[in-house]
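Read through the structures below before going on.
You will see two complexes here that share subunit A, one where it goes with subunit B and one where it goes with subunit C.
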Partner chain A sequence: MLELEELHVYYGNVHALKGVSLKVAQGELVVVVGANGAGKTTLLRTVCGVLHPRGGRVSWNGELISGLAPQRIVRRGIAASPDNRQVFPRMTVMENLEMGAFSRRDRVGIRRDLETVYGLFPVLRDRRGQVAGTLSGGEQQMLAIGRALMAAPKLLLMDEPSMGLAPRLVTTMFETIHRIRDRGTGILLVEQNARLALGIADRGYVLETGRVLLSGTGDELSENHLVRQAYLGGE
Partner chain B sequence: MRANPTGLRRRTRAGKVSAAGYLTALRKGVGPLAVLLALTFPFLVSQYLVHLGVLISIYTILTLSLNLVSGYAGQLALGHAAFYALGAYASALLTLSGHPFWLGLLAAGVVAALGGLVVGLPSLKSSGFYLGMITLGFGEIVKLVLLNWDSLTRGPMGLTNIPPAKLWGYTFGSVASFYYLALLILALTAGAVHRLVNSRVGEALVAIREDEVAAKAMGIDTGYHKVLAFTVSGFLAGLAGSLYAHYISFINPASFGSGESFLIVSMTLLGGASLGGSALGAATLLLVPEVFRALADYRLLFYGAVLILLMVFRPNGLIPERRLRYRGILERLRGAEPVSGRDSGAGPGYRAPAEEG
Partner chain C sequence: MSLLLEQLVNGVIIGSVYSLIALGFSLIFSILEVINFAHGSILVMGTLIGLVVLQRTNFWVGLLIAALASGLLGALVEKAAIYPLRLRRAPLGAQFISTIGAGMMIDIAALVIFGPKTRPFPPSLPATQFALGPVRGSVVELAILGVSLGLMALLQVLVNRTRFGKAIRATVQNPRAAAMFGVDVDTVNTLTFALGSALAAVAGMLMGVYYNMADLGTGFLAGMKGFVAAVFGGIGSIPGAVLGGLALGVAEDIGATWLSSYRDAVAFIILIVILLVRPQGILGHPERQKV
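After this line comes the complex of A and B, so read on.
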C-alpha cells in the first residue's frame, strides 16, 4: 500500500504541494484530477523519487521511500510511465520493452509479461521491430505504459495517459487501464480528463493548487456538484 | 543495417547468394583478414610502417576507451589525453625508480582509473557541454601539474631514458617486438570492452545515452554507471599511456595537450563505435598526415578537408556498430531464442499477425 502523509514539495521557492495526504491500497485504481498547475505531476514525481519532499513522508508497504533514489523505488515495485512519453527514441519497440525489464532477471516472467503487454496493446506487437521515435503519439504512449508494465510493478504511476490521443483512442486507453487494474496491478493515475478517469476509478482525489480539495469514490466524485462544475463541464 | 536485417540468410532456392549476401560475406571476410594482416604486419612491411602500426594500436586503445564514455554512455569527454598522460607518467616514474614494467603498466591503469573516477563524479550533476568543459578543464589541470611539479615530473624537460618494456625476462626492444606487445594489449582491451558493452552495464550505458531520465525510470542507477564508464575508460587509456612511454622512451607534458584529446575524439567520431571502426579511425587520422607529407605546408589543409568530407558522408563513422549498440535482455539471457523484432526468424509466439496471414 502506498501512503502519502502531509507531503510538502517545493520547486526552489515555489510551494507546489502543500500538505497532500493520499492512499492507494493494493490493487486499487486511484485517480487524481485537477487543473494544470494543481501539482499532479509533482505528486507522481515525488512518489517515484525524482523529487524529494521537504516535509511529510511517502511510505510503501510500511517502509519509508521518500528520499530513495528512483532506481531503488523501481526495484521495490513502483514503475512510472512518464508524462512526456519518454520512450527511447532510437531503440525499437521491442528493445524499449526489454529496457523496462532491466531490473529483473527472471526470463520466464519477462517473456510472460511481454506477451501480456502485447495482449494489452496489440499494435506494439505489430510494430515491435520499429524504431520507437517513428511511432505515432498514441503508440508511444502505449509503449511507455507497456514498458512500465515490463518491470512487473505492484503499483503503476501514470501521468496523463490520454494526452494527445485521438478521442476514440482515449476511450480505448481507459478501458486498457481498467484491464491492467483487473490483472491486479495498483494504479495511481493523474489525469485532466476527469470524466473518463473518474469513471474507471475506485477512488479519486481532486487536487487544487497543491492541496487535496475533495476525495471519495469515483462515483461520489463524479456526482459531486463542485467537481461537475469545475471539471466535468457543469450543469 | 536495418534495411537488410537477415544478411547472410538471404539465399535463393538454387543456393545462389544474392548481392546482399555477397556483401555480407565480404564484410565477414574483412575481420579475419584484418587480424591476419595485423599479425603478419612486421614481416611484410618496412620498419617505419611497423612503427606506425604501434602508434595505431596505442591510439586504437585510446579510441576504444573513449568510446565507452562518449559512444556508449553518450557523455561528452574532451580531456581524454589526461588519462593517457597519467598512465604514461605513472608507468615511467615507477620503472625509472627500478620497478618492473608489469607493475608500471598496472599502476598506469590504476592511476588513470582514479583520474577517471574523479572526472566521472561531476557527470552525476552535469552533462552535455558543461561536462565537456569540465573534462576539458581536467585535461588542462593534469597537463599543468605535470609541467609544474618539477621535483617529480621534471617539468617541461620531461622524463627521458624510460626503460623498454620487459615481461618474463623478455625485452621488447625492437619495433617489431613492441608491435606485438601493443597488439596484445589492444586485443585484451577490445575483449574487455566487448564483454562490458554486451552486458547489463552496456545496456544501462546505452539507455543513459538515449534518455537519462527514462533510464532512471527503468531502475538503472545512472550515476553509478556513468562513473563506472569513466573509471574503466580511464584505466584503458592509462594502459595506452604506459605503452607509449615505454615505446618512445621519452615523455613530456607537451605530448598530452588538448590537441591530443581532440585527436582522440576525432578518431572516435570518425571510426564509429565498433572495434574495426576504432582501429580504422585511429589509422586514418594517423596515416593521412603521412600520406600527404609530400604536400608539405598544405598537409594540414588536406587533413582538415578529409575530416570534413568523412563527417559529411559518413556521419555515423566509417564502421558504425551494427546493432544499435545494444543487446536485448531476452536475447542475452542464456537459452532464450532470439525474439528481436528485426529478426524474421523469431520464435513461433512472436510473429506479427501480418506475417501469419
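After this line comes the complex of A and C, so read on.
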C-alpha cells in the first residue's frame, strides 16, 4: 500500500504541495483530479523520487521511500508514465520497452510482459522498429504506459494519459487503464479529464492549489455538486 | 605511389587517431553537455604513463595501461570537477571552466612527474614496409589504423547493443526518464567520462608511435585537433566524430602541401570556417545532439 502523509513539496520558494495526505491500497485504482497547476504532476514526481518532500513522508508497504532516488523506487515496484510521455525519442519502440524493463533481470518475465503490452496496445507491435520520436502523440502515450508496465510495477503512476488524444481514443484509453487494474496492478492516475477518470476510479481525490479539497469513492465524487460545478462543467 | 594517394592514405591514418580523440569529446559532450577541456591533458598524462610502461614491457601492455590510467583520471575529473557543480545546479559555463582548471592541474602534475623535455618513443612495433597494390605502408601504420577502426567498431557495438550502451543513450535522451526506469545516471556520467578519456590515451599512444615522441605540447595539440574534428563532424554525434577526424587528417595532409610548416594551422582554419558557416557541424543537429 502507498501512503502519503502531510506532504510538503517546494520548487525553490514555490510551495506546490501543502500537506497532502493520500492512500492507494493494493490493486486499487485511485484518481486525483484538479485544474492546471493544482499540483498533480508534483505529487507523482514526489512518489517516484524525482522530487523530494521538505515535509511529510511517502511510505510503500510500510517502508519509508521519500528521499530514495528514482532508480531505487522503480526496483521496489513503482513505475510511472510521466507527464508529456517522455519516451526516449531516438530509440525504437522496442528499445523503449526494453528500457522499461532495465531494472529487471528475469528474461522470461520480460518476454511475457512484452506480449502483454503488445496485447494491450497492438499498434506498438506494428511499430516496434520505428523510432519513438516519429510516433503520433497517442502512440507515444501508449508507449509511455507500455514502458512503465515493462517494469512490472505493483503500482503504476499515470500523469494525464488522455492528454493530446483524439476524443475517440480517450474512451479506449480509459478502458485499457481499467483492464490494467483488473489484471491486479494498483494505479494512481492524475487527470484533468475528471468525468471519465472518476468513472473508472475506485476512489478519488480533488486537489486544489496544493491541498486535498475532497475525497471519496469515484461515484461519490462524480455526484458531488462542488465537483460537478468545478470539474464536470455542469449545473 | 602518386602524391595525392599518399596524402590520402597518410591523412586517413592520422585522421583515424583524431577520430578517437573526437569520439571522447563527443561522448562526454552528449551526456554532460560540457566540452571537456581537460581532454588533451588527460591524453598526455595517459600517454606519458603508457610510455614508461612500454619501455619496460611492450607496446600493447603500454597501450592498455595508458587507457586504464586515463580512464581512471577521467573518472576522477568527472567526480571532482563536474559532479559537485552539477549537484549544485551550476551553469554549464561554470562546469566548462572547471574542466579547464582540472586540465591545468593535470598538466602541472605531468610536468612535475615527467619533466618538460620531449620523450622519444622507442621503436616498439616492427618497421617492416609492405605494398598493397599502389599503396605502400608500414606495420606501424597498419596497427594505428587497425586499433582506431577496431575501437570505433567496438564503441558502436557498445553503444547500440549492450546494457551499458542503452543506459548511455537513455541518459543522453532523457536523464530523468532514464533514472525513473533504474539507470544510475551519476554512474553513467562517470563511466562515460572514463570511456572517453581512455580513448584519448589510446590516441596519444598511437600518435607516440607514429611520430616517435611524446611531450606536453604534442598532447595539447592533439587535444585541440580532436576538438576541431568533433566540432567539424557535429559535436555529440558518433559518426560525425569519425568523419570529422578523417576529414581533418586528410585536409591537414593536403593543406601541408601549400602551408608546409603551418600544417597545424589547418585545423584552426577549419575550426573558424566551420563555426562561421555551419556551427552544428557536418552531421550535427542544429539544436540537439544525437547518440
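Quick notes on this structure:
Rule of thumb we're sticking to: the second predicted complex is superposed on the first by the 235 of 235 C-alpha atoms of A that agree within 3 Å, B and C clash if a C-alpha of one lies under 4 Å from a C-alpha of the other, contacts with A are read in each partner's own complex, and residues count from 1 in each chain.
Assume contacts are C-beta pairs under 8 Å (C-beta built on N, C-alpha and C of every residue); 3 or more make two chains touch, one makes a residue touch a chain.
These numbers come from a predicted model, not from an experiment.
On the superposed subunit A, the positions of subunit B and subunit C overlap enough to count as a clash. Judged by the touch definition given at the top, the superposed model places A:Ala80 against both subunit B and subunit C. When the two structures are aligned on the shared chain, A:Phe102 is found in touch with subunit B and with subunit C. Counted by residues of subunit A touched, the larger count belongs to B, out of subunit B and subunit C.
Within the superposed three-chain model, A:Val170 lies out of touch with both subunit B and subunit C [touch as defined at top].
Of the two partner chains placed around the shared chain by superposition, subunit B and subunit C are both touched by A:Pro70.
With both structures placed on the common chain, the touch criterion links A:Met1 to neither subunit B nor subunit C.
Put simply, subunit A uses residues 48, 50, 69-71, 74-75, 79-80, 82, 86-91, 95, 98-100, 102-103, 147, 151 to touch subunit B in one complex and subunit C in the other. Against subunit A, in their complex, subunit B makes its touches with residues 2, 5, 200, 203-204, 206-207, 210-211, 213-222, 324, 326, 328-330, 333, 335-336, 339-342, 349-350, 352-354. On the side of subunit A, the complex with subunit C involves touching residues 48-50, 69-71, 74-75, 79-80, 82, 86-91, 95, 98-100, 102-103, 147, 151. By the touch rule above, subunit A contacts subunit B in their complex via residues 48, 50, 69-71, 74-75, 79-80, 82, 86-95, 98-103, 105, 107, 110-111, 114-115, 122, 125-131, 147-148, 151. Residues 163, 166-167, 169-170, 173-174, 176-185, 290-291 of subunit C are the ones touching subunit A in the complex.
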